[in-house]
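The next part holds the structures, each set out as structure tokens.
Each of the next two complexes has chain A plus one more chain, namely chain B in the first and chain C in the second.
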Partner chain A sequence: MKIRNAAVLSLVLFLSLLIASPAAFSAEKEIKIGVLYPLSGALATIGRDLQRAAELTADIINDKAPGVDIPMAQWGGIPSLGGAKIKLIFKDHRGEPDRGADLAKSLILDDKVVGLMGAYNSAVTKTVSAVAERYGIPMINDSSTSPDLTERGFKWFWRTTPHDNYFNRDLFELLKGLTEGKVKGVKAVPKKDLQNLAYACENTEWGSSVAKSIEGYAKEYGFTITKGLLYNANAPDLTSEAKALVAAKPAAMLFAAYLSDSLLMIRTLKGMKAQTKFFWGQDAGFEMADFAKTLGADINGVLTRTVFIDKITRVKKVAGQVNALYKKKYGDDLTGATARSVVGVQAWAYVLNKAASTDPKAIQKACNEINIPANDLVMPWAGVKFDAKGQNVLGRGLIGQYQKTADGKVSLEIVYPFDLATANFIYPFPGWK
Partner chain B sequence: MEKLKDALDFSDFSKAERIGLVIFSVFLFAFPWIGAGSFTTTVMIQFLLFSLFGMGWNTIGGYGGQVELGKAQYVGIGSYTVALMMVWWKVPFWVSMPIGILIAVGYSFIIGYPLFRLKGHYFAIATICTSLVLKDIFDNWNLVGAAKGIELPIHDHPDFLYMQFKSDTYYYYFIMALFYIALFYMNWFRKSKLGYQLRMIKDDEDAAESLGIDIRWCKIKAYSIASAFVAVGGGFMAVYNLYIDPASTMELSLSIKIALMAMLGGAASLWGPIIGAAFLVPLDRFLGSWLGGQKGLTGIDFMIYAALIMIVSAYQPRGIWGIIEQFRKRGH
Partner chain C sequence: MLIADALLQGILMGLLFALVSLGLTVIFGVMDIVNFAHGEFLMLGMYSVYWANLFFHIDPLIALPVSAVVGVLLGLASYYCFIKYLLRGPAIAQLFGTFGLMLFLQYFAMFLFSADYRMIDKGLLVGKSLSVGPFIFDWTKLAAGILSLIAFAVVYYFLHKTKTGKALQATSLNKEAASYMGIRTDRMNAIAWAIGGGTVGMAGGLLVNFYYAYPMVGILFVMIAFACVALGGFGSIKGVFFAGLLVGILEMIFPVFGHLIGSDFLGPHFKFTVVYLAYFIIVVVRPQGLFGWKN
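Then we have the complex of A and B:
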């Protein structure tokens, strides 16, 4: 009998869900932006952080933030739209491309959003942007780095973050800088000492495109790849991969890994007392707070590419101010991922203000003409300005190095670009004794 | 002609079931006009798609009683055939989809022939393995886009040749048509010679063999039919989502989802896979959309989803259809 009641109850629940499905509340003076992030599933932690950063930015724009020296912090809404507030509607795509596409349709047709933002996973961004393109709704992508995304000739898609090709070029600029003595605290290293490189990348869309790009740049910059391998990020054991890397005796080991596999890889390499001179990871796992927390002093000298390091607050005032607000509210510093969400929402606000309308055509025109000055950004970029493909051409990446501090912890220091370096570069990679 | 009559003949079902089918059909036809919103439409499309997958699985998994957990590889074959032929040679959907079915059927013979030497758990494990191997191959095969997947070009206008529409209503009616073809086929199938042979095999293989039934051949045939069904759904996924990659078309979780829907609804019954999909798809989508974005409730939608599955399977191993039948018998 009880079970029958439960069955009836769940049926009622469903029907009510069906009826209550996204009703369009049309509150006055509100501009709805649909935001798609992976809020549950394997990437839930990062998705939640992105959501927080986006919300914080919307609050800064809507409610004013006196201590922040960005014009939008004094707006209290979108000025050219009569002070209309930005309302972010979040949807959870779980990292599934088809779910993302369905939710995008729902945001456009049911919630009647003015535009879209997201979706972190490049694969999901592909299907979501295809929906946006079909319906002629603008989408600003804040955090997907697959280079292909802006190579599709879409008219309704813009990306504020630099993509992986930028970051891989940064890596080779750093290697080149090492051979030319441009790196802070290191004398020029003979090129033959850094000639041989090896990489191990996870085997989905992201890792495999990083691998391809590394091969291309190695050729261009005159380095040799002695070993390159793709592996499954969910593999319970990476011993054979680690062995293959060690056997290649490379001068530099390069990785594209998510969190759990990056931890496993480093522990395995440590167990083998692997030796190399240069140890670099392409963001993702290497950049997350849990990476440093879990591995501690073992990552002294490890490099990671990113777009934001909290040390940037020393050289960039507004970054410090927004970071302070974020830290006060959530207890963490902004990271490369979360700072990109800040810029994503900011770009939306500037575009809406410039368009002075919520008409898609007006927004499209504003996106194509927008030019956000460097001083208004938390990022160390030269600004936000899109090329004909929709890619922001003024973005750039950072390379950070984990360095052991006096109290035994590790902190992430900027080592590239050379003009922003906050510490001496540790070379060669100290390895594990 | 006889076969067509069999396919359209539901007279051996109870009156309640027939009335249910009529009401359900009226609802399906009228659905796009009741203004339920676009998200609900996408949920309905997913429901019809998974019903199609489930009905396919039901031939070998339900009637044949062979636990098959590798259906995703045929979703992959169907969707990749459509996508690649469209991208490489601009082949219309109506040509590439049948080719996808043929490839899936051919491949299922190659896989099925050695696989059906195995029985029970060993067979289940082997089907998982073949599917994973195919996914790994596609993950690393540059010619087919490797892990980056394939994007289909977007066509501007409603395009029946390439099945591209702006509005989901077109996709809805298309998948509904496929659903009915599948339903009528399954209605014929359960009364066909192969259908009876499979149920016999499920009950007692030795007895079936002693009666002269070629067990392995029967299983292979059913397996191929199932693969054809699933490949059709895969082809639909390619034109509907406009992007496919190995992770979304060949993942183990998709295979399990297909089998789960049919089993939870009630394997070896005509309505089972449909009921299973009608229960699980909306549950998954609505809970995800409703609770997924809520703060402080991370994962609650997964918990509710899993709990309901556990409750149903603990209460009645024959699935939801089993529960309905149980109540009906009690009523008499």
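Then we have the complex of A and C:
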């Protein structure tokens, strides 16, 4: 009897080993990173693009990409982890903070991910990172720009992208540059011509913090905000918002809008023949491929802050190479959002390689010490290096201007920083006839 | 001046809101069913005009009948293939049935058309505006308002002056009595769904002139339609017309007050709070709505 018990026991053990072993072996070869993006709902389009960019980058690292001149493209997996492949597990948070937190928890507990990335919407990043912090799992944020995110004293949160305060300062530097004659192709504009500003920002975490920051910088740089409003990005109608802006007769109109509301806002303003001299959008909707595709020549002269413009490929070779791969596969150029998704996955790869382990503590240490050189990035940044708060201090923003091309389409030209300008600035904003 | 402007803009949007809500109230009146998929009919109406414009280069205004026909067919198909069978079940089944239809149509549209935002960029009126004295009107909104009014008038005439329309009204007042009088309720139900689908499909066709189409667009407008139907009184045609206007005007005029008294607090971000507050107050004070008769 005892022998039979022992035989049954050993059989069970053997069988369980058989079942468990593939997982045990593959764990060595695969590093799971949970990626949270809005893949359905109002932000599904951008979520899809972000997912594509992240997947492409993981493919470059895992399968090598001969045409891309950075060390990472020759790795074929994470070198210090025996060529282990990065496996991205995508989850759709639909732009809902609660859902993001639930998904993060399930990624950590059920999928046993090594780390997290995402979540695009600042409000979702906030809840997701809180979960990561609680479980002591590292999270690298690639594209949420609410400044508060790195002000919470978190130990498990790092952000590669510059945040909105960097970008809003860029805007005011550009305005100041205009009054000082530093902008390519424009003579100095008297300050009084640009004195009055008005903004309309969508009213979630991101838009409200942009609004706050614009107010602050306006004071610092000596401009006046004559009208500032927050609105619901999912509104069925933005006529009253547009009316309020037009009624304030500002020299500059500033926006923080996602895609759908930016389309509606511009169409509505056009319908009112709104006039202003300077028309700027804080990224998101304004810099998406669909924005230019849908509105075409209507946005001639519109400015958008961004972190990546395809013209960058003229000055940065690696950006051009990755962009070519992306375009070949998906038909669009990389944008500021998608290029930052590339850098997010890239940062993960460098961090894992430096940590040479999937232990959270080792990854935490690697994040705090990482220093990715400028030449390895698709971004026009000085590199990736985090400060004590987890913010990358080497990032910088760009401001682009949509300009009409000969074939009636528009292309985005760099107008700020002044030393990178690729075209003459169109001033004042031509408006709509 | 500002107020007059807001009033006019509000009336234009209100007329469109009324047309969006019309079908909902007709179906509810006749069958006591809340059609949750109403917004998805709107969405498909928008897409039909969008595709007609993109592939066949038909001007969005001329393609309007396409959206109405698509709406009518959708309404009829929903009724004959689906709702008819739900009627055999309890009321809760009907409620969840149309909710299921809503989800199905949303995700089916997502599957067919992807989640991209689509906006018409070529059209007779697209992007043009009309200046009348100090007022500037977006031509597409002006056309949407006027055509909504016409469509509303046609449906109103049909319901009140034709024999079929009167039969429909009789059914909505008292189904049993109507069937004793020889009115075929089954046919009346189908007509209600055809009108419901047709009007909201057409509203979609008008809307796509200035609003983007995407699979989830219906929910934004159907929320307003629910408010309009409840405000006007469930099943009341006259009620939904004035409720639509009221919602449109409230939405435009409220932010203007904020502007006039120089308060950013009373800005546009609260405009729909005011709309739904009005809805809430009316429902509490007068549960049957402004013009309703049903309990």
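Here is the rule we go by: the second predicted complex is superposed on the first by the 405 of 433 C-alpha atoms of A that agree within 3 Å, B and C clash if a C-alpha of one lies under 4 Å from a C-alpha of the other, contacts with A are read in each partner's own complex, and residues count from 1 in each chain.
Here is the rule we use: contacts are C-beta pairs under 8 Å (C-beta built on N, C-alpha and C of every residue); 3 or more make two chains touch, one makes a residue touch a chain.
The model shown is predicted, which means the values in this text are computed figures rather than measured ones.
**Student:** Evaluate whether chain B and chain C can sit on chain A together after superposition, giving fit or clash.
**Tutor:** clash
**Student:** Of the two partner chains, chain B (first) and chain C (second), which one does A:Thr224 touch, if any: first, second, both, or neither?
**Tutor:** neither
**Student:** Does chain B (first) or chain C (second) touch A:Ser40, or do both, or does neither?
**Tutor:** Touch status of A:Ser40: both partners.
**Student:** Classify the contacts of A:Asn203 with the two partner chains as first (chain B alone), second (chain C alone), both, or neither.
**Tutor:** both
**Student:** In the overlay, answer first, second, both or neither for which of chain B and chain C A:Asn375 touches.
**Tutor:** In the superposition, A:Asn375 touches no partner, neither chain B nor chain C.
**Student:** Once the structures are superposed on A, label A:Ala101 by its partner contacts, choosing first (chain B), second (chain C), both or neither.
**Tutor:** After superposition on chain A, A:Ala101 lies in contact with chain B alone.
**Student:** Quick check on the superposed pair: does A:Thr405 touch chain B, chain C, both, or neither? Answer first, second, both or neither.
**Tutor:** Neither: A:Thr405 stays clear of chain B and chain C.
**Student:** Contacts for A:Glu133 in the overlay, against chain B (first) and chain C (second): which applies, first, second, both or neither?
**Tutor:** A:Glu133: touches chain B, not chain C.
**Student:** Please work out whether A:Leu109 is in contact with chain B alone, chain C alone, both, or neither, and reply first, second, both or neither.
**Tutor:** first
**Student:** Can you tell which stretch of chain B collides with chain C among 57-65, 183-191, 201-209 or 309-317?
**Tutor:** Here chain B runs into chain C along 309-317, and the other listed stretches stay clear.
**Student:** Under the contact rule defined above, give the chain A residues that sit at the interface with chain B and also at the interface with chain C.
**Tutor:** Dual-contact residues (chain A): 40, 44, 48, 203, 230.
**Student:** So in the complex, which bits of chain C are touching chain A?
**Tutor:** By the definition above, chain C touches chain A via 2, 5-6, 9, 13, 110, 114-119, 121, 127, 129, 131, 136-141, 210-212, 214, 216, 220-221, 224, 251-252, 254-256, 259, 264, 267-269, 271-272.
**Student:** Can you tell me which positions in chain A touch chain B when the two form their complex?
**Tutor:** It is residues 3, 6-7, 10, 14, 17-18, 21-22, 39-40, 44, 48, 90-92, 94, 96-99, 101-103, 105-106, 108-110, 123, 126-127, 130, 133-135, 146, 148, 152, 203-205, 207-209, 230 of chain A that touch chain B.
**Student:** Can you tell me which positions in chain A touch chain C when the two form their complex?
**Tutor:** Answer in residue numbers: 40-42, 44-45, 48, 203, 227-232, 234-241, 243-244, 247, 259-260, 263-264, 267-268, 270-273, 290, 294-296, 298, 432.
**Student:** In their shared complex, at which residues does chain B touch chain A?
**Tutor:** 36-40, 42-43, 46, 139-140, 146-149, 151, 154, 166, 168, 237, 241-243, 245, 247-248, 282-283, 285-286, 288-290, 292-293, 298-299, 301-302, 308, 311, 315, 323
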